[in-house]
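Note that chain A is present in both complexes that follow, paired respectively with chain B and with chain C.
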Partner chain A sequence: MIAALARTVAIAGKEVLHVRRDPRTLYLALIMPVVLLLLFGYAVSFDLDHAPLRLIDQDGSESSRLLARAFSRSTEFDLFPARDDEGLEREFRRNRTLGALIVPRDYGRDLCRGRRVRVELVLDAADAATANQILAKAEAIALSASPRPEGAITPVEVRVRTRYNPEERSAVFVVPGLAAYLLAISAVLLTALAIAGEWERGSMEQLFASSVGRLEIILGKLLPYLALGMLQLLLVLAVGATVFEVPIRGSLLLIFCAGALFLAGMLGQGLLISVLARNQLVATQAGTLSSMLPSLLLSGMVVPLDNMPRVLQWLSNVVPARYFVHALRAVLLKGAGPSLVWPDLAAMAAFAVVIVTLATLRFRRTVA
Partner chain B sequence: MNGFSIEAEELSRSFGEFRAVDRVSFRIARGEIFGFLGANGAGKSTTIRMLTGLLAPTSGTARVAGHDVSRERGTVKTLIGYVSQKFSLYLDLPAWENVLFFGRAYGLTLGEVRKRGEEMFSATGLSGLESSLTAALPGGTRQRLALACALLHHPAVVFLDEPTAGVDPVARRYFWQLIRSLSREGTTVFVTTHYLDEAEDCGRVGLMAEGHLVALDTPAALKKAHVPERVLIARGQLRRSAADELRALPGVVDVQTFGAVLHLRVDRKRWAAPSLQSWLGPGVVVEEGEPSLEDVFLAVAGR
Partner chain C sequence: MSRASAQLAAVVRKEVCQTLRDRRVLFLLVVAPLLQTVVFGYAVDFDIRRVPTVVVDLDRTSLSRQHVRALLADATLSRTAATTSIAEGERLLESGDAAAVLVMPSSFEADVLAQRAATVQVLLDGSDPTRANVTAGVAARYFGEVSQQLGRERVERAGLPPPGSIELAPRLRYNPRLLSPPYMVPGILAMLLIVVTTIVTAMGLSREREQGTLEQVLVTPIRPLWLLAGKMVPFFCIGLFDVLLVLTAGAWLFEVPLRGNPLVLALATVLYLLSTLGVGLLISTLSRTQQQSYLGGFLFALPAVLLSGVVTPIRSMPRWLQVLTLVNPLRYFAETTRGVLLKGASFGDLWPQLAALALFGATILALATLRFQRESGGKAA
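So, the complex of A and B:
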């Protein structure tokens, strides 16, 4: 037992030496995620910010000006007054404007008489997500700007409070997802490369001929990268908290527990790939694909899982990134405790156990 | 233990339909240098991989250092050293780090590894190269490092799979001095090689051909048994067509050209040095030679 531990430590120590010899691994592990996080964090934003909107005021009354002012006061829109919709098509194509707000003639008069009024909104829906957001925001502004007739009682009043991300900033939503994505890629790649390299070099056979056991090789290889992964997580969280002001409401310990379980699964996946591929080129490609696509598309990082076809939803159940993203958001944003995220932890632990077992079994059969 | 360091009995291994090693049996005494010869694909490496526990035999048994390689693989591994065909130390680490790692992989404590590593470094002439990057060492030096790493845990048996392939002659000679001193200290050495001059240094030689062990004995006995013909060496003013003409003569079994020298295997009853000399004419010197293992190899493998 003690001998096995010593051998595992020897392998882990050797791995540290390899990493020290070849700092590219460190760059890949520590600098890339931060760079990507900054890039993605700034680039992936679903926030409406000064969307150009053409204002065609055919009425020109006090009421219509009031409506226009409500729009231009919001930070979401920039209004450009115009006389008609001539050339609108051309501006859409050139991306000069995202829509046109058309206030009809008699808007002010009808409003004063308590009649139903219509305001027209023409949108460029080539980007459906943005169009949807403009629509929702425009509707809200228009509603709040229209004066209620004197003495009228609105039967139901909806007051919306968005909890956990009151300013609805995308970064708060994206950073936890990105953390999972970046950890997945580098963990899978690093182990896949480390072990495939051992095959390519021929030193794996040398290890097998020594008294080192298979499990000792696996653990010795995984542990240093687990530590590196935890360092990555810390770095990503620190950048998220300082640059993007992502709150950390829950316990850090819980986050790192979730991180360790997630990483164990990802490292196991890299291990399995390298045992099957046995060369670094194939391992790199298989590792990138198998970690990037599921954790990008099936984790709920960008695309909400609830909106997906049933097959994909079902498939996402075996993607550990899904549970990690969920747990991260719950703990970071909502301050959730272990009693709430344990199903996520359990799912990630199960994945890790299954995949490391598979890899070990497959590994065992390779030589003997 | 019954005095034998390696015992193989009816050892076989198939890969699908292909029978790489077919019912091979031999016994190797403690401290013996056993040379394992054969063409590429004759089953040498497969046999070594079975004896070192890297590959399970399809049938048959093998005992190494007194333990069954199939049933007591873990124990066997602690008693053997292995230098594989492919150089498989870590090139990106300094020489000494390789020693530290393999020593601990074999279960030695750090203190033991340091002490033993220093001994092995001075025994294999590596002292002073501790901090050299392994990748920067010349081939022969690397192989000595691989040997040093394989000897750290005092193995009773070492398996060397073509340890001198691609190593220059001086380095090869040095490497074989190490092998002989190991044997003197009682370590059994099981070595495969393509260099037949190296095989002359072995206590006994086994010859593999197409998965079968076709010959096994001391080099001298092998020569006697497999090369019953007289070996004649002719040098001097030889006609260009001499080799072809000689091959056509009755009683000439084989003619090999080595530069300007001819090696002949001839029927003892029909030919001797003087008769060949007179046939070749003046200006040619013919003398009787010792058959080499090369002759044995050709006689056995060419059958």
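So, the complex of A and C:
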């Protein structure tokens, strides 16, 4: 038992030497998360901001100017007055403007007479998400700009209270997801590359010829990368907390437990890929397909899972990143304890056990 | 010149043989992009629907039930649970089983009938700000319309002239059904090309360097320039093939239209591939192992994707990041493909993007070739 432990440690020590001898990989592995986090934190924002709209005011009355002011007062829109819709299509094609608000003649008069006035909004709807946001915001402005009977109370009011992230900052949402994504990338790909590389160079066979057991080799190979992954997690959390003010409301210990379980699964996956691929190019592509893509798309990190097709929703159940993202958000933002996140931990543990077992079995068979 | 073309042909033949020999690589270069297009196309839908909502109806009258039903009718909110305690609703919010709690107050019907102000409460999980925003917007809009309607009725009943109201009539150009995939597929294409050209080229060259075969070829009379060109030709062709493949799949599965001139698209693709291959070459000259090449390629690919407007609009980024997008070939390629496919944009509309692509491609290829020649020239001499 002690001898086995010593051999595992020896393999791990050898792997650490590998990483240290090649500091460029180490730098990349540590700088990458920080660069990506900063980029994600600043770049990933779905907020509608200063969307250019052409204002075609055919009425020119006091009330049409009031409506225009309601639009330009919001930070979502920048209005550019124009006489007509001449050249509008060309501006759409050149991404100069996103839409046109057309206030009809007699707008003011009809509104005063208590009629329902149609204000046209022509939109470049190629980007459906942006078009949807513009529509929602414009409808809200039109509603609030509609005249109200004097002195009357608002019959039904809506009071919205936002919990956990009341300022609605995107970074708070993105950082936990990003942590999962980065760990998935580095864990799967670094192991897959490192071990596939050994196979390419033939040094893996040499290891097998020694008296070291299979499981010892596997554990020894995985341990240094587990440590690297934990270091990355710490780095991401530290940058997230200091630069983007992501709160850490729950226990750090719980976060690192979840991180270790998640990493174990991802490392196992990288190992399995390298056993199957034995070629670095194939390993990276297989890693991209089987871990990066699902971790990005099927984890709920940026794309909501609620309205995906059933097949993909079902598939997301076997993506460990989904559980990690959920657990991270719950612990970081909501201060959830073990009683709330244990299903996530259990799912990640199950995945890790299954995948490491598979990799070990496959390891044996291919060598024998 | 004929010697040069013979050299080029020899290298191309060797590269094609090598690529075809490993069926898995071919699979990854052709089938994987197709697979990713399909998965991305179905998965990437930023439209917010079916937000899991707990309904806490403290009033339990026909009026409160009627409004809850009408609010849920457009499927943006979907009822996951109904309870009569706000605390239970908050618990579901905390566990993540719900993202919104809708509270109808206990005197809702009575207040509305008595013309007192009724207040509906919406509790949101703000950890996903976009979803929270949309949910709040939907609730505000629905009850805003209800208020407007009630206000009119009350004024009419009192015998006063009704106030006017503004109706927004949207006219949606290019994409009247507001589908996400036709906009996403061209973006996906731009991303996939980075993987199959930049990363594969960088790793391929690093692999030859690792194995020492690059030096062997360099000591032959072949000129480094032809060697490079020959190495890039097969990946260039695979890139072009992938474009056709992805666009066909997009047209077939996701109703991606082709409204503009395909020649503009072809020109943009050629220029873009020059850039991506050039970046791959540059990365390979900067790294010693395949692992470094891969990480380097990745370090280029991810920022390029994020700062291209493919995933999130460039308009929403802070100014200093918007400036960075100006040197991103992916941005210009995505704008060109989206313009040609969806809006029928012409050469006259897109020449600035095409010029930028050409400039970037030429610069990066020249830089990479220079570096490669300096590195290998020393060894070959």
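Operating definition for what follows: the second predicted complex is superposed on the first by the 348 of 368 C-alpha atoms of A that agree within 3 Å, B and C clash if a C-alpha of one lies under 4 Å from a C-alpha of the other, contacts with A are read in each partner's own complex, and residues count from 1 in each chain.
Here, a contact is a pair of C-beta atoms (placed from the backbone, for glycine too) under 8 Å apart; a residue touches a chain by one contact, two chains touch by 3 or more.
Not measured: the values here are computed from a predicted model.
Chemist: Overlaying the two complexes on chain A, which is it for chain B and chain C: clash or fit?
Modeler: On the shared chain A, the partners fit.
Chemist: Examine A:A209 and indicate which partner it touches, taking first as chain B and second as chain C; both and neither are also allowed.
Modeler: first
Chemist: Report for A:L123: first if it touches chain B alone, second if chain C alone, otherwise both or neither.
Modeler: second
Chemist: Between chain B and chain C, pick out the one touching the greater number of residues of chain A.
Modeler: It is C that touches the greater number of chain A residues.
Chemist: Does the superposition put A:A6 against chain B (first), chain C (second), both, or neither?
Modeler: first
Chemist: Please work out whether A:S251 is in contact with chain B alone, chain C alone, both, or neither, and reply first, second, both or neither.
Modeler: Neither partner.
Chemist: Which partner does A:L17 reach: the first (chain B), the second (chain C), both, or neither?
Modeler: Once the two structures are laid over each other on A, A:L17 reaches chain B alone.
Chemist: Can you give the closest approach of chain B to chain C, taken over C-alpha atoms and in whole Å, for the superposition?
Modeler: Value for chain B versus chain C, nearest C-alpha atoms: 13 Å.
Chemist: Using the superposition described at the top, list the residues of chain A that contact chain B and also contact chain C.
Modeler: 22
Chemist: Spell out the residues on chain A that touch chain C in their complex, using ranges where they run on.
Modeler: The contact residues of chain A facing chain C are 22, 24-25, 28-29, 32, 35-36, 39-40, 42-51, 67, 89-90, 92-95, 110-132, 135-140, 142-149, 152-166, 168-170, 172-173, 185, 189-190, 193-194, 197, 277, 279-282, 284-286, 288-289, 293, 297-298, 302-304, 306-309, 312, 326, 329-330, 333-334, 336, 340.
Chemist: Quick check: in the complex, which residue numbers of chain B touch chain A?
Modeler: So the residues of chain B in touch with chain A come to 52-56, 73-74, 77-78, 80, 82, 84, 86-93, 97, 101-102, 104-107, 109.
Chemist: Per the contact definition, I'd like the list of chain C residues that touch chain A in the complex.
Modeler: Against chain A, the touching part of chain C is residues 22, 24-25, 28, 32, 35-36, 39-40, 42-52, 78, 90, 93-96, 112, 115-134, 136-141, 143-148, 150-151, 154-155, 160-176, 178-180, 182-183, 195, 199-200, 203-204, 207, 287-292, 294-296, 298-299, 302-303, 306-307, 311-313, 315-318, 321, 335, 338-339, 342-346, 349.
Chemist: Flag every residue of chain A that touches chain B in the complex, lowest number first.
Modeler: Against chain B, chain A makes touches at 3, 6-7, 9-11, 13-14, 17-18, 21-22, 201-212, 367-368.
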